[in-house]
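Shared between the two complexes below is chain A, which has chain B as its partner in the first and chain C in the second.
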Partner chain A sequence: MNTASIEGKFSQKWHLKGLLITLLIGLIFWASVRDIGVETTFSWDQFWQLLAEMAHPDWSYFPVIVKPILQTIQMALVGTLLGTLLAVPFSFLAARNLVKNPWLRGLVRFFLNIIRAIPDLLLAALFVAIVGIGPMAGVCALTVFSFGMVSKLFYEAVETIDEGPSEALTAAGANTIQTIVFAVIPQVVNPFLSYFLYTLEINVRASTVLGYLGAGGVGLYLDQTLSMFRYDRTAVLILGILAVVLVVDSLSNHLREALA
Partner chain B sequence: MVDQKGTVQIQHISKVYPNGTVGLDDIDLTINAGEFVVVVGLSGAGKSTLMRAINRLHDISDGAILIDGEDITQAKGKALRRLRRNLAMIFQNFNLVKRTTVMRNVLSGRVGYYSTFKSTLGLFSKADRQQALANLERVNMADKAYIRADELSGGQQQRVAIARAMMQSPTVFLADEPIASLDPKTTKMVMDDLKRLNEELGMTVIVNLHSVPLALEYASRVIGLQAGKLVYDKQIADVNQTDFAAIYAEAGDKE
Partner chain C sequence: MQMSKEHGWRRARPWLIGLAVVLLYVWAFSGIPMNSIKSQALEVTHSILDGLFHPDWSYVYTGDGEDLIAALLETLAIAFLGTFFSAFLSVPFAFLAAKTKKGFQFKSSLGKTILTIIRVFPEIVLALMFIKAVGPGAYAGVLAVSIHSIGMLGKLFGEAIENIDRGPSEAIVAAGGSGLDALTLATLPTVLPEFMNYTLYRFEIAVRSAAILGIVGAGGIGAPLIFALQTRNWPRTGIVLLGIIVMVTVIDFLSGKIRQHLV
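Our next item is the complex of A and B:
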């Protein structure tokens, strides 16, 4: 190694590592574009035509979609609530500061990782096969999906609490459950509620497409209008969903700011 | 003096951390019931470790600690929690639950006397609620009982922490640098609170302090630690101002 040089080694001077990595990523990207056939099947004509039809929404269709949109929201609400409630005990078991036994904690985390690895649409497909077509399948899918996501957010919240109050409770002769009730839970109630609302936001969005797989909600109507080329009706659906998502998002943002 | 509760016998205890650092090195000392002991020493001398060994927030590697004759270092489960009830503790950072009310914080000091079920549902007896108010009264915080702890100043939080610790009906009161983050005025209030617990209720008080003047003002006995070793132990009547130079000197005269 020739040390005295102010510019460092040759490879450092010319950022050899960075250049090579950039080149590699570029290569992968180019190969992927070519293999998928991007550009070959995209038609601007069709795109403009679709947009033009959508620009004249068929408002008479609106009364039909009110109920499925409400059902979508209800599915998201029930699924998120059930998943969140299930996540609470598991998040305590997975938190490093509460469960000192690495094996138990590892087992719980492994289980949670597996649950989280399953995408929501796959869950919906599975539950349609298990409980049949309808909103119940959607609720089940959203429950499991929320459970996986929320439990991770929750145990991370538990791990960031101030340990001082727990120490004080232990010093006062409290047992583990009493320490959790008096020192941990008061510190995590607000982050838990905040994560619940955040998950609800995500689930309202996710539940709009679950209907494609027969899991209830507004997705079924999206599927129908698109396959009948009634883009004027699809436009009404999209606008309706957009309105709901905007309202839920701003409501949840507002509440979460109040909780912080 | 003999049947008064609150004796802490520390018998040749040592603490070696897993990484080999020696926290406490063969400390042997008996703190008698009703004493007001101030432990002085540089940061890292082992003051906090010693205190946390007494109520077993930390385990020690060797030796025994007897609380009124019962060995806390061997106690398990219920027996350990019952012993801890007698050892109240306050902290440098107060360690209140900031998002709950002062009252609930104070009541939480009593949970060692309740079953899991009852305490979880918050079913505290009327007598204990009255005791909580009385303890807040004692530290002049009764008017703040139903506001959230994070609305209080540091000094007020420490006084609430004292009220909480008193809910344990302790015989020994441990204070780990209770005034390190307080201003001089509230420092005096908190130290006076501790003095009253000692004089009026006869509790044994053990305080970790940095300040030698405060030690001289409040202590009935001064103990000095240096690098985990007991290097000083005198009744207040025998203490010389110049003694402390030795405890604080060796690590360099920066302070």
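Our next item is the complex of A and C:
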């Protein structure tokens, strides 16, 4: 016991843990730098030239991008709605206080974890291969993406509800469906709506680049202007995206504050 | 009279909101052509699922640096370096954006606006801009992740700075310490665990974005994936997808464990 405390003091005195962590991070850093080959030189003239072109937006291009930007919002709205609707039953199945069977719950959560591990653009690439180029692929990608994200937020909301009302209903002889409809849903409507809006914000942001892979919306024009080296037009696009995202974010923040 | 008018508005409000939402969605659905699904959609889905269940195992390791392991490691390296640099780059922005006084503060509003603009700027466009400067490859990906992550890390760091107890730093200043002393001896030690927590969280997100940056040629696993999809090599698509899912899950798990220790 005595030696153990001395050893404890020794490792504390020389900050062994901190040193090891620093060493580990240093090692990962060194390995990463080697793997990537950061010695490549940064060509500032190319970069400045690009920035200079982007600093003079070609406003005559603006009318062309209004429709795709609106389509982007439409895709985000539809994708968020479908994903959220799909997420409701799954979130009930994954909630600890509703499903007592750990195997079923574990299975549902495993499935949700896998869905959540796939990045949004990757989903877009997959759905472009499946349903073809167009906004439909974007809607599918956003549906699956928001499904994965929203289910987790939803089942966590369901797990934090007050058990009183559902216990009272069960005691009065209600079955599971009745308990969910009259005791659980009234308690989770507000957090659900709030998460819906939050997901919409993220989806608007995501949908602006999905088109880069051919999944509809304004991203397609991002690809076109960049490959034609019309950076003045890219700048208009980025400013348009910035405006839409800011408007949607502030609207959604406003509504979420009203809901809370 | 006024009362009943108020009452009528109250009763009509949920219906009006409902109507507005329905109209919004009618408009939204009208923009999505529903009949545009390709006829072979089912067939392709089947092939992708088949590829997922019968992946091309030979691609996992070939030893020539063009295999799955090498691509995944490169993805992790991009995410690690990008997050590492942005963690340092974010700190000045965080101090700029943090609101340290009551009422309107110009430097805080300025900092928050800059961070919002960085956050909204699409990462793919950043990657393409950096490809212009350094050529295609993982280095462009690292730069894109480093700059893009500032937007979110700066915001989270700034909020952490806003929420700390000002007592210790005020005490140091009162005892004759300089502003720098207050910063290094009181503010930084208090916010450091939270900074590390957010950095790890951001690393989880960076792994996901590094996995897709390859689509535009900025290194990592994205390029082999898009190539496999375009050549309709489904077993190859399957193994790359599995690789990404396993990598993201493992990183999330490890980072979650470390973060539990930190907080």
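Rule of thumb we're sticking to: the second predicted complex is superposed on the first by the 250 of 260 C-alpha atoms of A that agree within 3 Å, B and C clash if a C-alpha of one lies under 4 Å from a C-alpha of the other, contacts with A are read in each partner's own complex, and residues count from 1 in each chain.
Here is the rule we go by: a contact is a pair of C-beta atoms (placed from the backbone, for glycine too) under 8 Å apart; a residue touches a chain by one contact, two chains touch by 3 or more.
Computed from a predicted structure; not experimentally measured.
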item: Touched partner set for A:Q224, first chain B, second chain C, both or neither; value: neither
item: Partner chain in contact with A:N97 - chain B first, chain C second, else both or neither; value: neither
item: Partner chain in contact with A:A171 - chain B first, chain C second, else both or neither; value: first
item: Touched partner set for A:L70, first chain B, second chain C, both or neither; value: second
item: Which superposed partner A:S43 touches (first chain B, second chain C, both, neither); value: second
item: First, second, both or neither for A:A183, with chain B first and chain C second; value: first
item: Most chain A residues touched (candidates chain B, chain C); value: C
item: Chain A positions touched by chain B in one structure and by chain C in the second; value: none
item: Residues on chain A engaged by chain C in the complex (per definition of touch); value: 28-29, 31-33, 35-38, 40-44, 46-47, 50, 70-71, 73-75, 77-78, 81, 113-114, 117-122, 125-126, 129-132, 134-136, 139, 205, 208-209, 212-213, 216, 222, 226, 234, 238, 241-242, 245-246
item: Complex interface listing, chain B residues touching chain A; value: 55, 57, 81-85, 87-89, 91, 93-100, 104, 108-112, 114, 116, 119-120, 161, 164-165, 167-168, 174
item: For the chain A and chain B complex, residues of the former touching the latter; value: 162, 164-165, 167-175, 177-178, 181-183, 186-187, 189-190
item: List of chain C residues in touch with chain A within their complex; value: 24-25, 27-34, 36-38, 41, 44-45, 48, 73-74, 76-78, 80-81, 84, 116-117, 120-125, 128-130, 132-135, 137-139, 142, 208-209, 211-212, 215-216, 219, 222, 225-226, 229, 232, 241, 244-245, 248-249, 252
